[in-house]
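We call the chains A, B, C and D, going by the order they appear; numbering starts again at 1 in every chain.
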Amino acid sequence: MKTSTKIKSTPSHAILLISCPDQKGITASVTNFVFENNGNIVHADQHIDEQSNTFFMRIEWSLKGFKLEQQAIGKHFEQIASRFKMKWQLSFSQDSCRMAVFVSKRLHCLYDLLIRHRSGQFACDIPLIISNHPDGQAVAKEFGIEYALFPITPQNKRRQEVKQIELLQKKRIGLIVLARYHQILSAPFIKAFSTNQIINIHHSFLPAFVGANPYLQAYQKGVKIIGATSHYVTEELDQGPIIEQDTVRISHRDSLSDLIRKGEDLEKIVLSRAVRWHLQKKILCYANKTVVFD
Amino acid sequence: MKTSTKIKSTPSHAILLISCPDQKGITASVTNFVFENNGNIVHADQHIDEQSNTFFMRIEWSLKGFKLEQQAIGKHFEQIASRFKMKWQLSFSQDSCRMAVFVSKRLHCLYDLLIRHRSGQFACDIPLIISNHPDGQAVAKEFGIEYALFPITPQNKRRQEVKQIELLQKKRIGLIVLARYHQILSAPFIKAFSTNQIINIHHSFLPAFVGANPYLQAYQKGVKIIGATSHYVTEELDQGPIIEQDTVRISHRDSLSDLIRKGEDLEKIVLSRAVRWHLQKKILCYANKTVVFD
Amino acid sequence: MKTSTKIKSTPSHAILLISCPDQKGITASVTNFVFENNGNIVHADQHIDEQSNTFFMRIEWSLKGFKLEQQAIGKHFEQIASRFKMKWQLSFSQDSCRMAVFVSKRLHCLYDLLIRHRSGQFACDIPLIISNHPDGQAVAKEFGIEYALFPITPQNKRRQEVKQIELLQKKRIGLIVLARYHQILSAPFIKAFSTNQIINIHHSFLPAFVGANPYLQAYQKGVKIIGATSHYVTEELDQGPIIEQDTVRISHRDSLSDLIRKGEDLEKIVLSRAVRWHLQKKILCYANKTVVFD
Amino acid sequence: MKTSTKIKSTPSHAILLISCPDQKGITASVTNFVFENNGNIVHADQHIDEQSNTFFMRIEWSLKGFKLEQQAIGKHFEQIASRFKMKWQLSFSQDSCRMAVFVSKRLHCLYDLLIRHRSGQFACDIPLIISNHPDGQAVAKEFGIEYALFPITPQNKRRQEVKQIELLQKKRIGLIVLARYHQILSAPFIKAFSTNQIINIHHSFLPAFVGANPYLQAYQKGVKIIGATSHYVTEELDQGPIIEQDTVRISHRDSLSDLIRKGEDLEKIVLSRAVRWHLQKKILCYANKTVVFD
């Protein structure tokens, strides 16, 4: 599991995420751009959404021997991009993303993220944990991470969010992970991180059981399978683009606490997949859905 | 797969389904009743719902050497039942259930049920297929089953349903299976088969995507997993007790027709499990949920 | 599910399957070839096996307006192919593959294939069913397909296989599907269809439970999950390249006949996926493994 | 997740695990024994293995108001047990099991067990971690658990195992969990904990890929699904009774390190289920298989 370490030390890769109206010649133009500048393609994946006639591409190439300087790549690529009316995003494997985890009282997802990070699964730094409760303080200390406590009441919520945003910006946080954070973020907060920078884990198989207490809802409904959903956060509660989901079988023998135990195992896996894909620049959003080039 | 054949020919088993308020001594009383009459328990399963303090039991015993005649068992058991305020249902493995299949244009579930029946998976007779379209006529003929065509319009719907009920009663149908029947049954129809005698397959993971076009709904929502749900039909659309569910993974690479293809494989399996469990008297309903003693 | 029909009637697509040692410029050269001849790429997928440094690609483009005649495409592409030392295979979506199904006594996979074919899931013709037992004769008749009976004994096996090969060649069969055919094909037979033209369904999660009676082996071993595996047939029994696998949970409550029932549902799905992918030219083999561009 | 806490503090339950040749009257006798002594059955589950005609039962009842003292229950039950030639095991929910974890260099299962224990999922104490490497020392310290380092060489192996056994006995350990311990235990060690007191996690879907490097074996074989297996340890390597298994889908896109990452998520879940069921006395062994009354 030396992935992240290796990525950081090597001459690095360039990653392009592209979307545009489909037409002839896109793939040829992009791959020629890489080839003519002496790049070696490591991964390439593309997708055409037939309903909207939209073309999506993720291309990753080694910069070893590449003719263009990193800072010049974008400028040169812009010529192709403008011809095809592309939206595009260029990043480099050694770019260091900084991630903050929000948590309330249930700590299983927080633990899971920190242990995966320690084992090298996430190519990022985690300099900050934010919470409305003190429960996670000991865990943060064990992992040597700053724990910022912001108790929330209906009265102070807006003010606390303003302070949270200040702290997040000061720490140059690029990705916020809501690891069972039991507060609904306000529209201004979400706008401050509006380029799909907030990932949430919802403990149901969305769109079933939106909102509070999904395990209790599932138990009372008598479903035979429960699920978990990771998604980008948008202003409409639990309605953002779905990144990943998974399910597990239950039966009448399972009590509500069994549902919670089984579901929390799902939450950890589903959330960690979404975070890893985001950090690896494998996710493209469109029409409130995602393309995941896994 | 001689199961059904074997069941029909042997001296048979008795099956008791029981539910009552939980208290001490229920299991002992029921198992003593079987033992003292020289029965040999083949299966016994019980469950206590802790929220409602309700006891559920399914007990199946061999009638070989049993001291009571079949028709006398109920009368004798009534003494125990009244002591514990039981709801109970007694049946015998050689009881012949008669099943009707309702279908519209998509025939995959109809085919699947008929082939499973032919291979001996269902201990029942299937003397009747009812449809609002002629599409399944050839299949019915291949399997030698009467195909009753009832075209439905908003104007004739109630009259056609009255005729359907007459035909079903004339054929002594005990179980109706809606195998992708694209008509909503009216309340009077459902009341005519009100003791959980109608099983439906819904092509989504309920309660997500209730109503029409669930695959299209799922496609547009961008979920990463789709499902199918079999449930008893009650007057509230797609809200009856869930018997079985299953799910399958999809991705952005799957078009709407891929979703349909993958989903139809789920539908067949989920519906066939529900039908088999119903015929084996393995399902108990309470609080709009099911206990399935599989 | 008009997929296959649509494919047959439209001006059609070209599909290239490519494998070669990885090096710079492959993707650019191939996509340029399509673009410069005015082709529109519909699907493109590539993969690099890092251990063997092998490049794999599947590219599918619309021939509408394509500058080269179908019969000239290969000749022109050969220039690129030889430069990169490619193995390649060119096909067209309207190419009609002819498939034969081999079956013995258990008919669930045969039924499943024929119903899927009838519903348009498979873009091929099925002119022939071959069996060593008469059990499937009625099914063949229902679907209007020739049923060739070749009873097999240790004494006549080689002679019967020679006759089978003659019949298959006479019928111009390009794909043989062993749908629970309980005879081991001899090496000469396999050599006669040696370019991955035989697909088998094995009723276990290979490499567990090779050989006869895998469900009994699984039952006696006490596994908690059973599986099914579809693979290309090679001379070593049950050791050919795996195309697809799936699994289902079992418990101590499942008898051997429950395992068989659950497993047969897997077999149908796993076999049908393999057949569909093969017909859509989505499978590449190397190192006794497969790349499936699904 | 107060389960374990609740169990420890309440007047407690009694749990009987029973196996014997099947005959009439077993269930009636056992449930009468509980009822006549004023016990309230909380869970009861039974199973008959038809091949060996063996009866299995797990019965759990509340001791609140029970007429017999805890220490007298066994003596009184012996009368029933001897009549039916039962093997039986009586335990109490407040019995404190003491568990030791063995680990080598990969720490994901160790972490997972300790966090679940901390959250109350396991009703046991964990006073000891044993390892042949120092890697887990910091984790042990974080959780306040003694870490005993026993470096193993071919020369010192037997002597070190003797010391390990001494330490385990001194600490009164009742359950040993091999959480990716990369040493094969010798026969004398296993004999010292011979009543199914050692649980191992094997990182493959047994019986596929026995022995070393199962992920590499799976990668080279080209399987489309990988698995994990928890089992009791017997003298034959990786051949003890299987407690639990689970699987996850992979594809050609997954590198060996992807297999490891996906597989390790399975390992944690599969191992934790086995440990929890063992601690809850839900597992019965026979014929090198398990009955799990989950």
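Operating definition for what follows: a contact is a pair of C-beta atoms (placed from the backbone, for glycine too) under 8 Å apart; a residue touches a chain by one contact, two chains touch by 3 or more.
Quick caveat: nothing in here was measured; it's all calculated off a predicted structure.
On a Cα centroid basis, the chain most remote from chain A in this structure is B.
Comparing chain pairs A-B and A-C, the larger number of C-beta contacts belongs to A-B.
Centroids built from CA atoms put chain B at 42 Å from chain A.
Computed from the mean C-alpha positions, the centre of chain A lies at a distance of 37 Å from the centre of chain C. Among all residues of chain C, those that touch two or more other chains are 253. Contacts from chain B toward chain D in the complex involve residues 23-25, 27-29, 31-32, 34-36, 38-46, 48, 249.
Note for the complex: chain B touches chain C at residues 1, 3, 107-108, 111, 115, 119, 121, 142, 253, 257, 260-261, 265, 269, 294. Those residues of chain B that touch chain A in the complex are listed here as 47, 49-50, 205-209, 221-225, 227, 241-247, 251-253, 255, 287-292.
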